[in-house]
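The following blocks contain the structures, represented as structure tokens.
In what comes next, chain A is part of two complexes: it sits with chain B in the first one and with chain C in the second one.
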Partner chain A sequence: MGKLTAIVGVGQTHHKSKNSECNGQELIGIAVRRALKSADISIKEIDAVVVANMDHFESINYVDMWSVLGFGGYKKPVMKVTTGGTSGSAVGHAGFYHVASGLFDIVLAIGWEQNSESDTTAAIVTHCEPFIERDFYGGAIGGLASQYSAYMDKYGATEEDAALVSVRDRCNAAINNPYAHLRQTISVKDVMNSRYIAYPLRLLHMCPRSDGACAVIFAEEKKAKKINKKPAWVLGVGSSHGATYLGDSIPFLGLKSLEKAARDAYKMAGITKPLKEIDVGELYLPSASAGVSWMESMGFCGEGGGPKFIRSGITDIDGDFPINPSGGVISTNCIGATGLIRIGEAALQVMGRAEKRQIEGAQVAMATGFGGCFWSDVTIISSKKKLR
Partner chain B sequence: MVLQGNKKKDFGILSISCVVDVPYHYNAGFFVSRYLRELKENKRILGVKCPKCHKVYVPPRVVCSDCFLKMEEFVPVSDQGAVTGFTVVTVPYTNPNTGEPKKLPYTCAYIKLDGSDSNLMHCLEETDSKKIKTGMRVQAVFNDIRTGDHFTDIKYFKII
Partner chain C sequence: MERVAIVGIAQTKYQRISPSSHDEMAFEVTREALDDAGLEITDIDNTVTCTNDFWDGRTISCMTITDATGSSNVPTTNVEGDGTYGVLMGLMRILSGHFNRTLIVAQSKGSVGISNLITNAIFDPLFERMLGLDAVNSAALQARRYMTKFGITPEQCAKASVKNHKNAQKNPYAQLPLDISVEDVLNSKMLADPIRLLDTSPISDGACAIILARESDSKKCRNKPIWIKGVGHSTDTYHLGDRDLADVSVLATAAKTAYDMAGIKNPKEVINIAEIYDAFSYMELMWTEGLGFCERGEGGDLIDSGETQIGGSLPVNPSGGVLSAHAVLAAGMARIAEVVLQLRGTAEDRQVRGAKVGLAHGIEGACGQGHCVFVLGS
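Right after this comes the complex of A and B.
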């Protein structure tokens, strides 16, 4: 275990489907200025910067250089992180590792994406091996849809179960989160009346693609306490990859990489009963179906228990185990920022700064990231320095 | 001199379209080349076996991801198997292999061929989701004219 590290500042843009007012650098600038303001420090106090997006989405190479105009990183150490859908959660981990290593005191992590600038699914599909899988893989939508068809057939889960997750997340975004992209309340009927985009997933089961950026500031213990009276301590991280061929990863029920990453993060943080010990989850659920079938992977229910778990209402904002009070990924998905937004939102919860979406008394929060060939990142964040 | 009209509202923000035609030429490598040649010449689907855990992977690849051992034993597997997951894709997007819009609808399916332990991704002839279930038995249908291309030498899998 490295040096004790905390999150001391969080900033994000008001995410939307097409931010035609900004270029990517200006977009990053908004999130960074908001993060610095929330920590009440200047860019001069930042020792290093880590920045993430999926560079082939915008087709801008050397984003670590290009984006310096957005965050004032001239002459600072800058590292780019690009791990597909997990870019945002991985850049959060990179920020944490930079500080926990003892080499840097204050580190700025940035995730961003201007998805409106390209064909997102076509870009995603290029992660497939070109000779065997690329022609048939329907991007993130196709992969998640195939996984849920297998889960439905095995455990009797339904499209309506997934619709409950859509309704939960979209309504949370609509009512509580001014930064979210899609802010309309919807019903199960609306979801079931929307068209299929890849059976068994319908349009309202799926995340949008958004333009947006997020910045999170990490600091070592002494400086963290000086900057922020109630910092969000990072107590556990876990990361796990799937296999290269999607055929090796996807049809498995649940999500094996998430199972492993969660187990590692719980162990590091000292969590043995996640459902009891975690107060709120900001989970990277790219489709509503994942909100059903992946619940068992994080140990929230038994095998095949996803539908019953979701139907119980426990994960609603007024339930015992609220998931995605921000509205989650189904409401906002600026891909390179998405995982970092989960970490930022989890930190805001335990700092008590989540405004209208605050879960009262939240002390332990869980953030996840998902991407690419079905791999996962997990982060455990708390207002307490240790849990046991 | 200070120029006037520096606010966003004073003028429109521009955007510029950029259509890029970037051709790629990939090397298939030994394992995929062997697989594709066998499809073309013998209408046979090849896997490769791990010397330690004895799992058979289709398509063949250089190492077993569980054991991290080099695999060298090529084994033919059946052209029949079971569907382990599927989706009928109806969302429009550009096929990055061709630069053309992907032809819709199509059924992407994961198929566990008899004699293999992994799932091969391909497509089904059937595109009506009501007529497909996981666990269904399917068989590869080969094209008469084959070019050494996984996507077309196996035309599709049909439900049997």
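Right after this comes the complex of A and C.
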């Protein structure tokens, strides 16, 4: 059986729309130095590195080789994972498997993106199947928009429900998270007055694209305890990268891949009542609408229960089940880093190191990743080595 | 390390232009690897794909082969790198205790891209790309440095090409089975001094698949399990100008990790067959040094000695190597697949007699910036 694995250090850049002070390697360098500092170890103690981004945003091929300058990778084992939007969560899982395998004791996982160097949508469009789907389902927004309009039709959800999620996440970022990219407090009215991008999604329902990097350090049990008095144990991982064709995979009601990944991760962690047993969620919600319609996919509410769940205020930072105290993806989206930031933020919560955005007493946190062809990753992190 | 076995392998025939699409090639090797192992897709509990967005000309290129590799119903990830790295990720997933059988698939269609533009994008965008660097002319810099530093001759490099293309005649998957002489190599068109056409690997379409299983799950499989005895990977620094391109200490580091894990002290004595990433003829000579098959600077003497031929004491690339088929990403994984055939004793005409311990090697980036080394045993 594999090794028990914990997160012992987290670092991230101050994310922004355009970071013209650094190139990508330097962005990585900032996040890595901060992660090493938070774990109080040196790069010499890192046994292996795994890095992720999406190549076409910066147009650099073999980023695993190029990025070694950002973290001192000379004579270190380095590899790259890339799975689209889930790259950040996939690199976190890869870091976990590096350590859990017993092959490496301390492993650095890095996600990064410098979106200001790219035409993000033009690059994303090419993920669609070229002959049939690319012309009409290009980009990241169309699928999410049609998904929510189906959900609205079936369950009576509204644009305002999604706006509540925007307001929650953006205000959390503005008030509590110095690393977040978009830091203005907004109201439901602001959201509803912003322009449509694709009905029913408006500008303030959507995530931005950001420049930034995140680094998370994983360690096996003995070293983890030595490095960090209160490490964040990785208790469950689940992953479902379902389909090739959007037509096969856009789940117009709920998100099947998330349901599956969450089920696997809960099972591994021993969670049966997620809403009760999880204290805080750092969820990859690419649009505010996902913050309504995907709640049931993780078992937080029953089918069609998203609107009522969000309206209740339970997911606010002072609610019983806070979601995205960091401000989430709607506030910061450096794509290859986004999923890893969720894992890093979840780890900071259970370590009790989330500063102003700390949820008091958080012991179990959930992080998700979303991307690809409506794919999902789920990670369960806890201050406890075992939940039951 | 807990014992993990390779229980299934498959390769497409490598071609300059395959009529199959990316996903059709991936499906072909997935199906054949399952048949080779005597398994069904429902026996596979996780997958790893190896794709590259640049070579595929598509963002999230792994999406192209998700369905074809049966990844829809099991946890999957995508390693964007040589197939050897993908197999390493698959190994980690089993060793973590969370999975029992991993399918790993790598594919690439060099025919649909422009390889010098794709490999130009490896280099620094501000300073080095403008020079027009690509896989071939950067390798020329490395070859020249290696030949200058150690007095390696063009004839010695050409011998690797002659040997491997000859070996390819016995490999039904190879793209370039050729009966050529050293003179033919030395008279072939100069691409980037000192590299000539017959010193280089071809542009290829192809795919490779490997199935790993933990020991307890390997028994119901059809073929004799081939064990992963050791693995190591390591990375050099990035800018060519910061590297001594004739230095192979990074490969030696990767190899030492693999040898230590396998308990090998004298690789030259213990290893019976090696499949290494000879993207260019000089690379085979250099890598044999890094792998400890000879001393530094003696790669030329080793090829002269004939010991790396199929009948020699340490045959290198009996399949014909990457010089005879170079489907990027799949090429490193194909090295593993070929070693598995050798250790099973089913490599047909290219069989090395009595092979019990084999080495497979993949590279990453320009001029072998990254190396991944596997030691396998029957």
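Keep this in mind: the second predicted complex is superposed on the first by the 385 of 388 C-alpha atoms of A that agree within 3 Å, B and C clash if a C-alpha of one lies under 4 Å from a C-alpha of the other, contacts with A are read in each partner's own complex, and residues count from 1 in each chain.
One rule holds in what follows: a residue touches a chain if its C-beta (ideal position, glycine included) is under 8 Å from a C-beta of that chain, and two chains touch if they have at least 3 such contacts.
Worth saying up front: this structure is predicted, and the values here are computed from it rather than measured.
Student: For the combined arrangement obtained by superposing on chain A, do chain B and chain C clash, or do they fit?
Tutor: fit
Student: Using the superposition on chain A described above, determine whether A:S59 touches chain B (first), chain C (second), both, or neither.
Tutor: both
Student: Considering only touches as defined above, state whether A:T121 meets chain B (first), chain C (second), both or neither.
Tutor: first
Student: If we overlay the two complexes on their shared chain A, which of chain B and chain C does A:D320 touch? Say first, second, both or neither.
Tutor: neither
Student: Mind computing the angle chain B to chain A to chain C from the CA centres, in steps of 10 degrees?
Tutor: Once the two structures are overlaid, it is 70 degrees.
Student: Would you sort A:Y196 into first (chain B), second (chain C), both or neither based on which partner it touches?
Tutor: First partner only, chain B.
Student: Taking the superposition on A as described, I'd like to know which of chain B and chain C A:A243 touches: first, second, both or neither.
Tutor: In the superposition, A:A243 contacts both chain B and chain C.
Student: Taking the superposition as given, does A:M268 touch the first partner, chain B, the second, chain C, both, or neither?
Tutor: In the superposition, A:M268 touches chain C alone.
Student: So, A:M79: does it touch chain B (first), chain C (second), both, or neither?
Tutor: A:M79 contacts chain C only, not chain B.
Student: Check the residue A:D40 against both partner chains and state whether it touches chain B (first), chain C (second), both, or neither.
Tutor: Neither partner.
Student: Quick check for you: in the superposed arrangement, does A:A94 touch first (chain B), second (chain C), both or neither?
Tutor: second
Student: According to the contact criterion defined above, which of chain B and chain C contacts more residues of chain A?
Tutor: Between chain B and chain C, the winner on chain A residue contacts is C.
Student: Once both complexes sit on top of each other, what is the least C-alpha distance from chain B to chain C, rounded to whole angstrom?
Tutor: Between chain B and chain C, the minimum C-alpha distance equals 6 Å.
Student: Can you list the residues of chain A that touch chain B in one structure and chain C in the other?
Tutor: Of chain A, residues 59, 123, 125-126, 130, 243-245, 248 contact chain B in one complex and chain C in the other.
Student: Can you list the residues on chain C that touch chain A in the complex?
Tutor: Chain C residues touching chain A: 1, 23, 52-54, 57-60, 62-68, 71-72, 75-81, 85, 88-89, 91-98, 118-119, 121-122, 124-125, 231-239, 249-250, 253-254, 257, 364-366, 369-370.
Student: Would you pull the chain A residues touching chain C in the complex into a rising list?
Tutor: Per the stated touch rule, the residues are 1-3, 54-56, 59-66, 68-69, 73-84, 90, 93-94, 96-98, 100-103, 123-127, 130, 237-245, 248, 261, 264, 268, 371-373.
Student: Taking the touch rule as given, give the residues of chain B at its contact with chain A in the complex, in rising order.
Tutor: Per the stated touch rule, the residues are 8, 13, 15, 20, 24, 26, 28, 32, 36, 57, 59, 61, 65, 84-91, 93-97, 106, 108-110, 112, 118-123, 129, 133-135, 149-151.
Student: Would you mind writing out the residues of chain A in touch with chain B in their complex?
Tutor: 20-21, 59, 119, 121-123, 125-126, 129-139, 141-142, 145-147, 149-150, 153-154, 195-201, 243-248, 250-251
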